[in-house]
Amino acid sequence: MFHRSELQLNRDTARRFIPLMVAAMVYLATLALAGAVVVGATVDRWSEGLRGTLTVQLPGGRGDASVAETAARTDTAVSLLLETAGIATAQPVPASDLESLLEPWLGKGNLPADLPVPVLIDVTLDPGARIDLVALQRNLAGVVPGARVSDNGVYLERLVRLARSVQLVAGVVMLLVALAAVAIIVFATRAGLSMHRETIELLHLIGARDAYIARQFVTNALWHGLLGGIIGVVLAAATVAALGVIAGEVALPVAGLRLPEQLSISLVLWLAGGLLIPVVAGLVAMGTARLTVMRTLRQVL
Amino acid sequence: MFHRSELQLNRDTARRFIPLMVAAMVYLATLALAGAVVVGATVDRWSEGLRGTLTVQLPGGRGDASVAETAARTDTAVSLLLETAGIATAQPVPASDLESLLEPWLGKGNLPADLPVPVLIDVTLDPGARIDLVALQRNLAGVVPGARVSDNGVYLERLVRLARSVQLVAGVVMLLVALAAVAIIVFATRAGLSMHRETIELLHLIGARDAYIARQFVTNALWHGLLGGIIGVVLAAATVAALGVIAGEVALPVAGLRLPEQLSISLVLWLAGGLLIPVVAGLVAMGTARLTVMRTLRQVL
Amino acid sequence: MRANLAVQHSGERNGVVRFENVGVRYGSGPEILRDISFELEGGSFHFLTGPSGAGKTSLLKLMYLAQRPTRGLVRLFGRDVTVLKRPELPPLRRRIGVVFQDFRLINHLTALENVALPLRIAGAKKEQIEAHVTELLSWVGLSGQVNAKPPTLSDGEKQRVAIARAVIGRPSLLLADEPTGNIDLDQGLRILRLFEELNKIGTTVVIATHDRSLVSTFRRPELRLQGGDLTLHRPAPTGVDRLRRVDPLPGA
Amino acid sequence: MRANLAVQHSGERNGVVRFENVGVRYGSGPEILRDISFELEGGSFHFLTGPSGAGKTSLLKLMYLAQRPTRGLVRLFGRDVTVLKRPELPPLRRRIGVVFQDFRLINHLTALENVALPLRIAGAKKEQIEAHVTELLSWVGLSGQVNAKPPTLSDGEKQRVAIARAVIGRPSLLLADEPTGNIDLDQGLRILRLFEELNKIGTTVVIATHDRSLVSTFRRPELRLQGGDLTLHRPAPTGVDRLRRVDPLPGA
């Protein structure tokens, strides 16, 4: 019978907003976090595959006679490349690979034997090395006329920049959302203090310490934070899963962005986040409430 | 001096949450709406270009002698196509166009004259017509051996399905968000009624009608709806603009999805939405509050 | 049914309030009031007495339509309140002035605004209201606190604001619940004289009080509640000025 | 300064409450209390009287540390309250029992829980509390309403719960603001006898009231507030039982 608290904050209908508000904030924060994680993983995969690579293209020779000539030119180019500082490997792409690339355009089996298929050489650089592409192009063209160097990194760098700005936006969103959540708790606590001003005054007058009063707000805030955190994380997980299903069903045409796969990879991350985020929300709410109450109460007699 | 309302709902600190909650809902709804609009516009552009088209591919003939033969086969195929019900036009793609498509692979000027370049025929269908592709393929192969029909729509249809599901998700989000907003207002009104129970009872006892009491809630809700709507729309516009700038800077590589352009096209739409959404939010809030108050009051003496 | 109609047709003059076998019970508790039957004629003046918890406030609540009887019949101004429809309540309530035992002032409105509330709700014009209200407030001794809000008033001052609000609309029926509980004797007498003035111009008055000196001073019929039953007591035919005997201060 | 120290060292017995040239003013209004100086010795029993709005509640508020004086010195239990630090207030307040004029009960707690609150805050065990509280509630005539919540109590019942809460902790200083304003005479006398019992075991008692019959019945010194000034009046050496003269009902 003495378990009832004097303020009964959990019975204020208006206060039932708070877990929902916190849930909304946690939802946004979690979505932003998930977005950042997915984009980060995608960029990493792109980088692994493409960062630090070049492609060198040599003109193809026509007719059976030119097969030997092409091979010689290829060898010349490869050895020049391997001598260049910063280049790790140089590997000609097999002709069959190239032909399969052309097939959609020419039809299978339509490829004439004497098609002047160009030679492509995949070049990988030493980690961190930067190559003077203009000089390399000049040197190559000196030994093999018509040779061209194309830098895969240019296109990639743009994509990475996009990805990084998305991650930045996600980070800013998380920061704003965390601030908003703190503001909500401060606000809710102040509202609670003002709504229960009379009861709090009474408690003071019959000898209650600030800590006694603060405890009721702190417990309430912890609970609101936890509840809001759980609701928010569950909703966010459901949203991401739904997006994953939709995206997966149509096999998103954007290179390398395979949402469901990335998400299942980070299942552990999801579980950890699902536990951690509500706890963090609860603790932040608790600390905020305590600070707010103690500060506000210090101003009364 | 008599302008003060008896309930002074706008002075309840806890009620200051409400415009923020409404703003969050409007923000989400507006983002969903913007997403649906952008995706819709993109799909329309794709559809314009691709929907209702087929490509027919005839094998190319090798050597100068076969040029006349190729032209004859092309004519045969075109006339068969034009006789087929549901087909509007059939236009062979000029060889030069085709060669430019191959250039990236073979290098400029490397194209041998006797390359057996296939003939492509762009076919457009009558609006709304559906063609039996299998029958068409059989008929074509009967007159021109090796002819193949490829339906651009297959790939497109997947994309359109993705786009439509995105739009569906956006619509569901908008619906949920609208329901949530209504729930918030109902909840806020109930909370207000319970918080001011004593004052409301007093007003009743000295002869106030339900409508007199409801008016104060209705005014308050209208104001909260408008304010929340404005905040939400402004934030949403800012978010979309920010995304547009980021995406525009890196020239998003997804076919046809050019965010900033689409957004500036729908500037009028933005302005209309910016005015309409808060008004709708305000009116919905108002109606909801009135219904809630009148219903609740009817239960007291 | 016929009997009821007869009363209804007899008009308001006789029978502003009429109770027939009224019983009140809260939840599943005992009957607080049982088999209460009485009739207050228009222009009458009664005290309502009884020990704390006897049911005085409950009885008044039935009269100011804050509560319905558990059983029995309550008529106000000739109308059966148990069958009244919701839109019919406000006009009836506007004819009743109530001084609540716990004042029920609105904290963020000034004394002036609080007192003006019944007029405002009835749709009166600002200009008509203000002078009238100010005058009444000075009558109850609050001319200096016209713009003070209830939290800055003493309890006696709050009670007087509540009294002013109850009488501002010249009600046909005035119900006052312990209206002098927080007021000193002199002001209490002054307030009761105000009620008597209203009574003279036709207002039916019922005053719940536990203050015996008030009852004996004003020599009005007394409705006495005890153990759920109501009995009527008329003042003794000759009365000394009993108040005088209490007045002089012992230590003065 | 030296004089103050002397009083402080003299301990609590003489000088539980000591006011020196105390003035109180709300905002920019007039001084409600001015130049109030007095000392209440431990174990004394005083009435505090004065017309409505005289400043009785304001004076009590200074004593129960709800307000600081605008000027002057207030000492409680030998300590200057104006220089007390925040953590020093609760222990002092726990030695003071207050009956608030407006009760200040917590609506969602039962009568029992309301009365138990001071003990609970002071950290007492549940088991110790319950029997004690129940006994006190039956003493004030509320044995049937132990588990009722304030909104279901009559005003007199609420007042008695408030009184029980004030005395449950056997305070050193008991301040009661109009404690019988909503209670009938018999119960009022009973409550005052309860206060006298406490007084006998050492509690210093101050009772603000406008009920002259109470003052004349109990024949205790009277602090009278009028126009901001406080004067002390001792009861006349011989007293008739004035209450008796008022008691018989006129119409009975």
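Read from first to last, the chains carry the letters A, B, C and D; within each, the first residue is number 1.
Heads up, the rule we're going with is that contacts are C-beta pairs under 8 Å (C-beta built on N, C-alpha and C of every residue); 3 or more make two chains touch, one makes a residue touch a chain.
All figures in this text were calculated on a predicted structure; none of them were measured in a lab.
Traced through touching neighbours, the fewest hops from chain B to chain D number 2. Contacts with chain A and chain C are shared by B, D. The chain with its Cα centre farthest from the Cα centre of chain A is C.
Averaging Cα coordinates per chain places chain A and chain D 66 Å apart.
Averaging Cα coordinates per chain places chain A and chain B 24 Å apart.
The mean-CA centres of chain C and chain D are about 30 angstrom from one another, to the nearest whole unit. Among the residues of chain C, none is in touch with two or more other chains. Across the assembly, chain B contributes no residue that touches 2 or more other chains. In terms of which chains touch, the assembly is arranged as a closed ring, every chain touching its two neighbours and no others.
According to the touch criterion at the top of this document, the contacting chain pairs are A-B, A-D, B-C, C-D. Of all the residues in chain D, the ones that touch chain A in their complex are 64-68, 86-87, 89-91, 93-94, 98, 104, 106, 108-110, 112-113, 116-118, 120-122, 126, 129-130, 165. On the chain B side of its complex with chain C, the touching residues are 1-2, 4, 6, 8, 11, 198-199, 201-210, 212, 298, 301. Residue ranges of chain B in contact with chain A, taken from their complex: 12-18, 20-21, 24, 57, 59-60, 62, 101-102, 105-107, 110, 112, 114-118, 146, 148, 158-159, 161-162, 165-166, 169, 184, 187-188, 190-192, 194-195, 242-243, 246-247, 249-255. Contact residues on chain D toward chain C in their complex (touch as defined above): 26, 50-53, 56-57, 101-102, 152, 154-157, 159-160, 178, 181-187, 210, 212-213, 215-216, 219, 221-222, 233-236, 239, 242, 245-247, 249-252.
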